[in-house]
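Same chain, two partners: chain A is paired with chain B first, then with chain C.
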Partner chain A sequence: MENIISKKDLVDRIEGLLKDFEIIGPRELPNKGIFYQPIVNAGDLYLGDSFTVEPVKKYFLSPSEYLFKENLEQGAKPVEELPLPGAGRIIIGVRPCEARGLVLLDKIFDAEYKDDFYTSNRKRSVIVGLSCLMPDKTCFCTSMGGSPAENRGMDAILFSAGDGFIVEIITDKGKDIFGALGSDIGKEEKKAWELDKEKRKGALEKRITAPESLDGTFESVYWQKASLACLSCGICTYLCPVCHCFDLVDEERKKLKCYDGCAFVDFTLHASGENPRPTKKERYRQRVFHKFEYFKKNFGENLCVGCGRCIRHCPVKIDIADIVDKAPLTQ
Partner chain B sequence: MNSTNSNIYLPYLTEIVDIRQETSDIKTVRLKFKDAAAGKSFDYKPGQFVELSVFGEGEAPFCISNSPTRKSGIECSIKRMGKVTQAIHELDIGDTVGIRGPYGNGFSVEGLKNKNILFVAGGIGLAPLRSLINYCLDNRDKFKTITIVNGARTSKDLVYKDEYEIWKKAKDTHLHLTVDCQEENWACMVGVVPRILEQLTPTCKDSVAIVCGPPVMIRFTIPVLLKIGFCPEEIITTLEMKMKCGLGKCGRCNIGHVYICKDGPVFTNKQLDELKYEF
Partner chain C sequence: MAEDLKNKARELLRARQVDLVIGYKRASDGIAAAPCFIDIEGDADKLIWDAYCVYNLSVYLKDFRGKKIGIIAKACDVKSIIVLLQENQLKREDLFIIGVECPGVIDEKRLCFSDRQYQEVDRAIKCRPCASAVPLLYDWLLKEKEKMGKVSEDHDKYDSVRKLEAKSLAERLKFWEGEFSRCIRCYACRQVCPMCYCPKCVADQAMPAWFPKATGDKGNFSWNVTRAIHLAGRCIDCGECERACPVGIPLRDINKKIEKDVKELFNYEAGLNAERKPLLSCFDKTDPADFIR
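Presenting the complex of A and B:
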């Protein structure tokens, strides 16, 4: 179901929803960029063409999540769990690549051994997407099986159209929010919208071919060269919408689950001093193989949505898409 | 799996009820569940592991070193190495630690039935094997000859010394102890484990070899076993990795697409060859 809505209708509707829901969406922060933030005034919502610096991942997997607190000495309740988040919330302005990222994360955290923190965050969130009109030069979602117009993982998606939006309703949750807002899309408008979707897909310039398997390149010196410039800063893993490696950390009486990443030297370091991934070559190769080989073997898809964040924000301009594209398969 | 709790990161609380000093830097702790019902439902296989946490210090993976047949609680043998193990070494009887688990695949006990079993251990590598050795001895009729080759750098580094006599006296069970270099008053064998295996040449007929020890020992032991005539699928080992979550999620213990914590830690040599794993 698709409706045409004006920008004012949308802002008014969100303003109305603010009474009952937490709403999260992109906001422009002066001198910083665009960030997903809790929205207080619907007018603050940024629904333009630029992309957020951080992915929406942090609202499902927190950079530092408090799992439980130990109170052995108090006695009454030796281990105190944090109540799971339950209140419904709407996340608006999620790009198609990131919404697809959530579907990929489900395969890890909403599978065998469910992570309740993740699944309850998923359950309580309504995802309202925002189709991309002007992809960044680092975007390559179409090479990863996605598209700026795809609606996978969303409850509704907005397409900018003239002064307003076309809203495509995908699930009942989406219908609850937008149903009956605006006017039904006409036949001609629908045709134009279909054309517009194709145009959006065609707007991506960066195209790569991820090989079926990188297996044959595992021993190649290529990975040493590819990782040479890497500073092991880990920004690629933090900003990736699907990187999900974590550490469990004791901080005084609290157990925290914190972001961690394969770029760091101590990620796999044993207490004995042994390190199965001792140099940048092994660590960077692990990042690429996890995304384009291992995850694919286990779950049938690349663990990369082509959002381009790791390329845009890498301080030494390492381009994972280019590296995968040029991997020496014939070796 | 921790079935009574929905929070997969939440440990069971256990009390340390016994501490044995195995060597100068290895202690075996025995743990009793504070919640008796949880203890009763905690069912594990030899070769599985737990995430043991010292609150405020951290959590680390340790294999369960006693056999489930003994029903005496969970035992872990811990070498003082890093932050968590140091903290465990400083604990006393009566102190509380958390455990999550049991995790991992463990040894396929069914696959070992009616076979000769050759255990090859080096140093603290005897810990996961001890669980299976005692499991086999407690179900003695189900297995053929049991041969244990156990080595350590020096006689002071041998673990579970108080069980050697019991193992030696068990029906159709042979124990060969070795140390790397000759020592005074040492009556058993001398030489590194692969050399001793070459000398002993245990039968490969209807046999399975189960190897655990430092990577360098495993690296040199596997070719000897292959030479004796063991097939790669008859050589079983259990790997060690930095496993944080134990659930195949945290992303650090994988070899290729396989997660050691979930798909392992027990693998056949054939599986490791396919994963191109090198010790």
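Presenting the complex of A and C:
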């Protein structure tokens, strides 16, 4: 179901929804970038062409998830679990690549093993997407099986159209918040919208071919050369919509699940002092292989949605797409 | 100009004067620069030099200890090499400094927010007060043939520090809490810093854990302040931490505040003289002591 609405009607509807829901969406912080934040005034929402620095992942997998607390007081429960989040919330402005990232994360945290925090966060969230009109030069979603106009993992999606938006409602959750808003899309308008979707797909310039398998390249010197410039920081993993490695941390009698990243020197450091990934070569190769080899073997898809964040924000411009594209498969 | 650079790199590699040249190449987007590592003559063709070469390559020197390295360095990068020499992290004889006269690099951050259109005027803020286009130390110098205009503008380099100093303690706390609240603890500020070479960073220690690893007010504040304090008398303001920070924390403002204090208290500026002892490793009877009461 698709409706056409004006920007003002959309903002008014969101303002109305603020009474009953927590609403999260992109906000522009001058000279800092676009950040997902809780929205207090619907007018603060940024629904323009630029992309958020952090992906929406942090609202499903928290950077520091508080799991339980140890109690040493007499008579108290020795382990106090944190209540699971339950209140309904709406996340607006989620890009198609990020939403598809959630679909990929479902394969890990909502499958054979169910992560209670993740699944509760998934259940309580209504995801309103925002189709991309102007992809960044680092975007390559179409090479990863996605598209700036796809709606996987969303409850509704917005397409900017003139002064307003076309709202495509995908699920009942989406219907509950956006149903009966605006006017039905006409035949001509629908035709134009279909053309617009094709145009959006074609706007992406960066294209790569991810190989079927990287298996034969494991020992190649290529990985050593490709990783020479890597600084071993956490930008690429923390800003990735699908990287999900974590570390368990004890702090002030709390057990926390914190983000961790394979680029860090101590990511696989053992208590004995041994580190099976002692150099950047092993660590960077792991990042690439997890995304384009191991995950694909297990789940049939690349663990990459082509959002371009790791390329855009890498302090030394390491381009994972370029590196995968040029991997020496013939070796 | 870049041709001279390529020829020099070829010459150094051919003569086995160096094992590796660390320089700049064009990034995959065809516009920006990226660090590159040349170990055979044939690859020297990749080398470039222009205003996109923002990186301070001296951060890579610790990766190649024991090797003879040729490194392309701007005036600010050379200052960090000087500090590394002062702190015995490098051997001068292992290093061939290919100095480049620098008219200032572009402002990547501002480029990001201006629809990515490069304009000649978009020089990084850190470059504005820089008086020395010519590195203080080099073995060979690539001269800018074209007149690039005056680099140093009439610009108070402590302008933003003074503005912060004018705020009350409570206002300052609120300001920095707000800025640090966005910190994602990716440690890019540490990893990109040539001065951050501790084999085991205080932030990575687990026993004892000196401050929370979890994101949050406490841990974020502790990390960012610890990082800055550790650079007292050592930071040469290459600005790489601020450039690398994905969430836009004005890290240079903290660094500059400490730089200003060090200058006022000890009349010391980092990165000027490789022969001089590092500020924090020496004691002088004239050092101010009025904080002892």
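Remarks
The rule is short, and it goes like this: the second predicted complex is superposed on the first by the 328 of 331 C-alpha atoms of A that agree within 3 Å, B and C clash if a C-alpha of one lies under 4 Å from a C-alpha of the other, contacts with A are read in each partner's own complex, and residues count from 1 in each chain.
The definition used in the following text is that a contact is a pair of C-beta atoms (placed from the backbone, for glycine too) under 8 Å apart; a residue touches a chain by one contact, two chains touch by 3 or more.
Given the structure is predicted, the values throughout are model-derived calculations rather than measurements.
In the superposition on chain A, A:262 makes contact with chain B only, not with chain C.
Contacts of A:79 after superposition on the shared chain: chain B is touched, whereas chain C is not. Within the superposed three-chain model, A:115 lies in touch with chain B and out of touch with chain C [touch as defined at top]. In the overlay built on the shared chain, the residue A:316 is in contact with chain C alone; chain B does not reach it. Once the two complexes are overlaid on the shared chain, A:249 sits against chain B and chain C alike.
Of the two partner chains placed by superposition, only chain C is touched by A:33; chain B is not. Of the residues of chain A, those at positions 247, 249, 252 touch chain B in one of the two structures and chain C in the other.
Only residues 1, 6-11, 13, 34, 53, 55-60, 81-85, 96, 98, 215, 240-242, 244-245, 247-257, 276 of chain B touch chain A when the two sit together in their complex. The touching residues of chain A, when paired with chain C in their complex, are 29, 31-33, 35, 53-54, 63-64, 137-138, 225, 228-229, 231-235, 238-239, 247, 249, 251-252, 256, 258-259, 261, 264-266, 280, 311, 313, 315-319, 321-322. Contact residues of chain C toward chain A in the complex are 27-29, 32-37, 55, 59-60, 63, 109-110, 112-113, 116, 182, 184-188, 190-192, 204, 209, 212-216, 240, 243-244, 246-248. The touching residues of chain A, counted against chain B in their complex, run 67-68, 70, 72, 78-79, 81, 108-109, 112-116, 218, 244-250, 252-253, 255, 257, 260, 262, 267-272, 274, 276, 286, 289-290, 293-295, 297-298.
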